[in-house]
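Per-chain residue numbering starts at 1, and chain names A, B and C are given in the order in which the chains are listed.
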């Protein structure tokens, strides 16, 4: 029986993958992501030079790209390519963990508001609206300044403020699900609210949560990069945003150290785009309203 | 008036070609009301859309003729079809059209738009025509300025019928025109359609799965199954002397509020997959009279009595 | 044949839905408006009986089914299932009640959880009520609803099944706890005609073998005739007429019933055509005029019909009508 059960799920997965493959953007995004994930995972092996603050080549400060330093060097003589490879890991990790946090909070709030309705919904949604109204980045800057610039604080700050969109989308989905006969059927057999939410509502909104999450990672990475760029990042973790920050602090823009600016900027853009493509492809499959037949 | 010959319309999908309409032939004389009956997925709506040339992009008409008068609609170009035929000589009441009225436009405006698209007349004259049409279908002409949400279900359907009559067609194809309506409103609409047929000399194709509606309004009927016509005859012959086992099954199972109380003799099995239908006669897996030849050869549609056509091996 | 034991007893059932008034209106007047979906109905369902509740949209039949099972809280009235007073039960007792009374829905495409496989779906009542032995009971349930071999259906998902098969799954889930009473809300109206008979036949089988009584909600009088022993006609929240189904169709007494019977088309081209004997459409259930609800459309309306609402009275043997004409 277990074997047949697995076969049932295998069919669903295959069907999903078949649909995903139809999206060229989705495949492109996925390839880019896999590439960056791969180099981040194997950063130690792939980076040609070490990136510790004391490990730079004093004789090669701010050198443009050459055959030895393929993407040039920074102000401490460190190889840009290695910095970028390591930085990818930091940026992706911050983005993913922050997104996990927003997904959890957003789901909790969105599902509760949608399912329980009444005053609970009013309260939660008005609270969400307030947070939506306050400009995101300035608020993050304020919080980050107060809490201090560390790796975990940054994840917290981005996570605690990024859940509003997810909450709204989920609430809408839960509202429409609630009216479906199979939910009424669950109540008719005596299922508790907990069971209905856990067994019926969540599995049906999970695809939407995942699609939302993928889209949010891109935006989390952007937020993290912005905060780092403004100097609120953790100096011990060299993310792409931090690299940009240092680039500016040594006047890269005016002194034409183009390799110092373009590389991290290009990587941030590419990764965010990739997440957006994948999220878009997932949304096409998963969102019942825009799904093409 | 309308002679459909050997029509084949297939859809291309990810899973293969769906043989939605597979060698369908129909005939309609002027003044006829032909009931096209069958269950969901049998191809009746696709047949109608093919006649109106309103198929989606993944559909393809592979063969056949649609002779309207003496013009083959499949051979003329889109421009001529739109100018001379569509909505002017034949129009359609789409399934669920009453719910497809645009909520942000007045009902009268939407009907006027239909008129102006096909006829070159002044806006004011078109509006007059809209009011005339409203009276014709039994709605107070003043209501033409209302929005769809102000109309009841029955009124919306009347408006849709008015729209289909906008350019004085000879033929109206109605796809499930009363399915979503309450019993009494349904009777009102059926009565309206009967009287319009008489008054305007309309010919009609009534597509529905509801045999009682067909018995009530049509003088001829064609039964479709899995993309094919299995039986075709005048209305009394179909109901009183059905020849095809599927028709017999449908009629035996169709409940009625009067007459003999029907028992439960369900047709076993379920309608087939149109990508890979059964070999031979498509109905044979469910047929109580299936013979060896039914599994191998598709039966041709044959005139077994005057005006009574059946596609069935044992009946030949 | 049906014994005289009464399984479901409904008395003066009312369900009113408050109408949300606009902000301004809410500020100005204290008057509350209601949609009186169910407004005072009483009836009994006997053991092994299939009791039909028929009417057009908005008459309150669907709401009645929900309130009887307390899936919606009632506004007033009493419902007894056997000896239990349904509206007086505590939450735990109500949960116990769920084992005795179940519901089948109209839409086989929306009443199954798309993310749950068939086994889990049919087993869920067992899990909720902590009854073990799922594999055997689910297999038996699927066999009863003629989805065989059951193992082949265990791990399929709803979208892999046809409409008729899905409805069978819904029935399996409803009967797996051996209920005494099932509310069937238009169970076949969304199925193909050739499939309907087999589902209805299945419902009969459950009635014969398990002694289940049904409240059969429908808008289709022809199906009601096939299936229901007795039928009540509802109009705007009240009963217009109640009697055996055969009698109702052969000898309708209430003007509304007469209009309904005349309007239903018959699958016989040589029989009479459907006729319209009353005008207009169903009015809004908010702000009903005083007196008989049907009066605005009734061809026989009298003076008294404007003032007094007629009560449901037995005018012939086992034939109840709510009309001043009687």
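Quick notes
We take it that contacts are C-beta pairs under 8 Å (C-beta built on N, C-alpha and C of every residue); 3 or more make two chains touch, one makes a residue touch a chain.
Because the structure is predicted, anything quoted here is derived from the model rather than measured.
Averaging C-alpha coordinates per chain and comparing to chain C, the farthest chain turns out to be A.
If you tally contacting C-beta pairs for each pair of chains, B-C comes out on top. Centroids of chain A and chain B (each the mean of its C-alpha atoms) stand 52 Å apart.
A separation of 32 Å divides the Cα centre of chain B from that of chain C.
One inter-chain figure worth recording: chain A and chain C are separated by 50 Å, centre to centre, where each centre is the mean of the chain's CA atoms.
Contacts with at least two other chains are made by no residue of chain C. Chain contact summary for the complex, chain C toward chain A: residues 69, 71, 94-95, 98-99, 102-103, 105-107, 110-117, 124-125, 128-129, 135, 151, 154-157, 170, 173, 177.
Per the touch definition, chain A reaches chain C in the complex via residues 1, 4-5, 7-8, 12, 180-182, 184-192, 195, 199-200, 203-204.
Across the complex, chain C meets chain B through its residues 56-57, 162, 164-165, 192-198, 200-201, 204, 219-223, 225-226, 246, 249, 259-271, 273-276, 278, 281-282.
Those residues of chain B whose C-beta lies close enough to touch chain C in the complex are 39-40, 152-155, 182-188, 190-191, 194, 209-216, 218, 235-236, 239-240, 249-251, 253-259, 261-262, 264-268, 270-271.
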